[in-house]
Amino acid sequence: MSDLGIDLDYIMGRYNYWLFCILMMTGLYITVSRGNLIKKIVGLNIFQTAVFMLYISMGKVIGGTAPILTEVPETIYSNPLPHVLILTAIVVGIATTAVALALVVRIRESYGTIEEDEILELEHDMDFGSGAAQGDPVA
Amino acid sequence: MPEYLTPALAYVAAALLVPFVPKGALRGLYLAIVPLAGILIFWGLTPGTYNAFNVMGMQIGLMRVDALSQLFGLAFSVAAILAALYAWHLRDTIQQIATLLYAGSAMGAVFAADLITLFVFWEGTAIASVFLIWARRTEGSFAAGMRYLIVQIGSGVILIAGIVLLYRETGSIAFTAMELGSPATWTILAAIGIKCAFPFLHNWMHDAYPSATVTGTVVLSIFTTKLAIYALLRGFPGTELLIYIGIAMALFPIVFALLENDLRRVLTYSLNSQLGFMVVGAGIGTPLAINGAAAHAVASIFYQGLLFMSVGAILFRTGTARATALGGLYRTMPLTMIFCLVGAASISALPLTSGFVSKSMILSAGGYEKMFPVWIALLAASIGAILHTGLRLPYLAFFGSDGGLRPKEAPGGMLAAMGLTAALCIAIGVMPAAFYALLPNDVPYEPYTFSHTIVQLQLVAFVALAFALAVKRGLLPKAERGIVLDTDWIYRRLLSAILGSIGRLIAGLWKGAGRMIASSLNWGAGIVYHLHGPRGPFARTWPTGAMVMVVAFLLGMTLVVTYI
Amino acid sequence: MTGSPETQSKSMPGSILLGIDTARGGRIVTWCLLLICAGLAAAGFTGHLHGYFEIEELPAFYGWFGFLVAIGLGIAAKIIGIFLKRKEDYYGAGSTNLEEHPASDLGMEASDA
Amino acid sequence: MMSLIEANLPALQVVLPLVAAPLCALLGRGDRSWAFACLVTFVTFAVSVALFAETYAGTIISYRMGGWEIPLGIEYRVDRLNAFVLLIISGSAALVLPYARRIVAAEIPAERQPLFYTAFLLCITGLLGITITGDAFNIFVFLEISSLATYALVASGSWVNKRALTAAYNYLIMGTVGATFFVIGVGMLYMITGTLNLADLAVRIVEHGDSSTLRMGFVFILIGIGLKLAMFPLHLWLPNAYAYAPSAVTAFLAATATKAAVYVMLRFMFTVFGFDYEFQADTLRMVVLPLAVIAMFAASIVAIFQDNLKRMLAYSSIAQIGYILLGLTFLTETGLTASIVHLFNHAVTKAALFMVAGCFVLSAGTCSISKLGGIGRDMPWTTAAFVVGGLSLIGLPLTVGFISKWYLVLAALELGWWPVALMIMASSLLAIIYVWRVIEAAYLQPAPEGVVRKEAPLSMLIPTWIFIGLSIWFGINAMLTSTAAGRAASALIDSSHILWKE
């Protein structure tokens, strides 16, 4: 079975990694494929979430409980460190999302659109359109 | 002694002060005194390396004093004084500063004990000297100067490449005799060869020297090529290849010198031929040959300088150095004529002149080594020198068909410089013993034997006779307005034709018509512009999605590579 | 040839040599040279000439060798010149071959040009 | 008091600008916030100098954040390498901020300036934090602090040109992807070793042995950091971000942001991974080396065709990063020395050049090369600074650029990699072209009609010329930098386990 067929245990035993992979790819795919700036950020968020999953799942110890001190001495705890790390990472992710959304708001104010294709077209006109002045910081 | 002292320092410091010295006699005096200060720095020191220090693990030595460097240092200094006198009338601060920096760089290079210092000053001579060409301030001189600069800087770049290779190979950057054989030494030889005007690398000289100012050409003729000879004597003595290069170098310019109409260009070809003698001397490499090459280099600094000075004086007074416009100037410029004839006698190696006591050493060295082809070739080259510079040049300028010009005699400064140089040429010829005492090797040599004297006189007299007959019978090329093609054709016509078409193409693309880009895609330039130009994929602002794609792709590729 | 150089002769410092570039002057110079050559060739026989190669032992070797090579070089140059000579404007307008030397660099006092 | 400061220098290095940042925002409009930010950067620079002096002899300072035991708590670890990088970052900041006042006043509305300086200080905090910390996850956090601040700084260029917004957005997406890759890589390492301390990681990776997780981690970290330092095809965010950010920001970022990322790369490659396994060297040489070489050419050629001076310099930076990465892939002491010395040299040169661009923007209102005709006559000092900086970019002797290229070529030849050495020299020729284009415009072309351009104010000229002076001074007297870089390189090589080390 192990040589020719599919090792089901191998695959199922690592389902958290597959989940991570799928989520990551989904996130990246959205970022790549969507032209809408907000949707790209959504994709980015999914991508980051995949990483959170990876960290949290690797902190899991089989049979372990949540890492909250109990009175029972032989309690097995899950590793708390990844959780702490991911708390930080979530904060970072939120901050990033906030900055990104703020930027999108400003882009919408300046360009009148949040579709990347249209923005690129506008910018292309700024560069090469009639009377365009490259490098002129005054738009 | 302060750690950074080198004769070059005196020149550089002096050059910085030039603008603050009032123009006129005071500045003339100042410029003539600077080389004396340079001499004071190195003269009388016991041989050895001074001012050595360590930079990035490499031993730098700013002042190596030995017989060879002292000889060249002294000759350069004296020549710099004479050039300053010659330029007494000059009121052009740029040329004055450039001359000082140029002379200083040459001095610095001569005293360099290591290759890095040599390189710095090597480039220094290139950069400083180009201003002597640009100072003519015409479109043509700007272009010629640019070509000159590219070649000279190129020589420096090749030199540094060679130095890096050598350092890799030997772990040392000391400037000592090298053995040809590794890529490093070949590269260094090529760099020196450019400055030395080896055949096919020579053309910068004939392009640039006649394009400089009156005084600029005189200054240029002194330093660059002699510095290269010095480097050959120091770096490649006894390299057999140099003998053949030297012979080719001594012979081929003869034809050009006989054809040229521009007298300053005639002189550059004759200088080129004389350099050939020195290169042969370096190639033979026996103590006598080295002495001969060094002596000839020094002698040639003065007699060639004298010839350039006299032609410069003619140019200064008549506005032209074209043989076709000159002739019959002996009437009104007799002193210039006499000095020119002294120079001509020296290059013809007439006894009692400097050329006789120096050139015969190289010929004798070839004779002692029983190198018959070398000897006979050099003899032929000497005959050529007598013919084109000893006879034809003064004939065309001062005698020949009267061009109708009646200019005033050269100004006092020029006359003084020419007079002193002429005196020096004769002094060396009359008192060879004192001159020989300065040479690097201690080899007894007596130029004034009965045989030497008589055969040399025979040679000169018969060539003169041949010249007289040839002029009469029209066996020599007539002086005509026009130019003679040389290897500069390759880069001035062939290459510029090719580059011109590419340049036009790029210019067309630059204007940005999309149609043009599309139709020129087949051209390499078009492709580069298409890829890298402002609208090209390399320069374009990519959509975020595409950027992320690139990242993902690279991640995948790297993973694959890592797992293989 | 100028019209009458003699008329200016008094004012010119180099007047001693005046007439050297006439046909007669040329002939005199040529004859003098012939005499000198003959004298030197003869002088060569008065003592033994030490050379490095056997060829130098030939009578008046330097004389005739110099003469022949000089003539040969002249002719060679003439022939090569046919192939290499070009008009001055060959390299286009921006070339020093074509332009006059700028007056600012000159001191052309009293030139009749 | 003094001893207390001395004992907590590593913490002060980061905490000082961090605490100062919100205070700066509270100071209100105008010059007050600027003066405060300046003061803070000066003190930060002093701290860096102290750290550099302390570690120059080879001492390694290990500082326990919050007093936790080392592998558990966060460690700040200063050795020769990161002391050198700290010096570059805080030094650049201390020079850029005095420069910034006039140009920021021109480019950013007064009421936003305190926030601008706040972001600036946060950015400094992040970069210093990345450099000083000895903890892998902490690097990620600081990376994001600096990146978030940078996005804001870049976007603040939108007061002049709205394209700064999209540039910042793109940078944000790319930067986040990069940082996330990095954190994935760190996660992989944590999975196999159970530690995040860099020194500890190095030991445990050896104990653990080769595994596919390790390889995954290696690749994710390589690509993640590669994104942050603008390794060639991952550089796409950089040109616009540099071109449209406010001039002072560009000068600061060019000198520091990519440099800090390069430092992380060096730290991970040599200290953490240490080349115990063949695959690490192979990946570097098969992926990074060709990309570095392509960067040297492709980016330089793009620079030739650019009309916007800042964008041209940005592309030139990408090419220069190619040199730095090239030195790294040699995996020799000379190669590393070249990389580290170029880290410094390029920071100095590029900062100066971007500052010149800023001066042009201030006085001429443009940095379009085609509109800078004849500016050499109107702004002689500024343009002269560009010429000298440009020469250094080309790598002419007596400038710092020469020193870096010298070591780089030397390193290539040491390995017998002739073609690479030749390519290094050939790509320098491209630099001549793009520098010449500016010089030609500045000196040889006529000034446009009716334009009045004044020489830049002294407050901008002096910092610019200090950078230029440094690039000459360290070009002539390369002892200090090359010794420091050489020592850092040998320390890195020693800390790695390069199998083929003699």
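Letters A, B, C and D name the chains as they come in the text, with residue numbers starting at 1 for each one.
Going forward, a contact is a pair of C-beta atoms (placed from the backbone, for glycine too) under 8 Å apart; a residue touches a chain by one contact, two chains touch by 3 or more.
In this text, all values refer to a predicted model and were calculated from it rather than measured experimentally.
Peer 1: Looking at chain pairs B-D and A-B, which one is connected by more C-beta pairs in contact?
Peer 2: B-D is joined by more C-beta pairs in contact.
Peer 1: Counting in whole Å, what is the centre-to-centre distance of chain B and chain D, each centre being its mean C-alpha position?
Peer 2: 45
Peer 1: Just how far, in Å, is the C-alpha centre of chain D from the one of chain C?
Peer 2: 69
Peer 1: Roughly how far is chain A from chain C, going centre to centre by Cα mean, in whole Å?
Peer 2: 90
Peer 1: Check each residue of chain A and list the ones that touch at least two other chains.
Peer 2: Residues 28, 31, 40, 123, 134.
Peer 1: List, in ascending order, every residue of chain D touching at least 2 other chains.
Peer 2: 166, 169, 173, 177, 307
Peer 1: Do you know which chain B residues sit against two or more other chains?
Peer 2: 534, 541, 544, 546, 548, in rising order.
Peer 1: Are the chains arranged, by touching, as a line, ring, star, complete graph, or other?
Peer 2: Graph shape here is other: it fits none of the named patterns.
Peer 1: Give the pairs of chains that touch; include all such pairs.
Peer 2: In this structure, the chains touch in these pairs: A-B, A-D, B-C, B-D.
Peer 1: In the complex, go through chain A and note every residue touching chain D.
Peer 2: Per the stated touch rule, the residues are 28, 31, 37, 40, 44, 47-48, 51, 54-55, 58, 81-82, 85, 88-89, 92, 95-96, 99-100, 103-104, 106-107, 110-111, 119, 123, 126, 133-139.
Peer 1: Within their complex, state which residues of chain D touch chain A.
Peer 2: 137, 140-141, 144, 148, 151-152, 155, 158, 160-163, 165-166, 168-169, 172-173, 176-177, 179-180, 183-184, 187, 190-191, 196, 243-244, 307-311, 361, 365-371
Peer 1: Across the complex, what residues on chain D touch chain B?
Peer 2: Residues 166, 169-170, 173-174, 177-178, 181, 212, 215-216, 218-220, 222-223, 226-227, 233-234, 236-237, 239-240, 279, 282-283, 286-287, 298-299, 301-302, 304-307, 315, 397-398, 403, 406, 409-410, 413-414, 425, 478-479, 482 of chain D touch chain B in their complex.
Peer 1: In their complex, what parts of chain B are in touch with chain C?
Peer 2: 89, 135-141, 143-144, 210-211, 213-214, 254-255, 258-259, 262, 315-321, 325, 327-328, 330-335, 337, 364, 366-368, 370, 372, 375-376, 379-380, 383-384, 386-387, 399-402, 404-409, 411, 449-451, 454-472, 475-477, 480-486, 492-493
Peer 1: Which positions of chain C touch chain B when the two form their complex?
Peer 2: Its residues touching chain B are 1-2, 5, 8, 12-18, 20-21, 26, 29-30, 33-34, 36-37, 40-41, 43-44, 47-53, 55-56, 60-71, 73-78, 80-81, 84-88, 90-91, 93-113.
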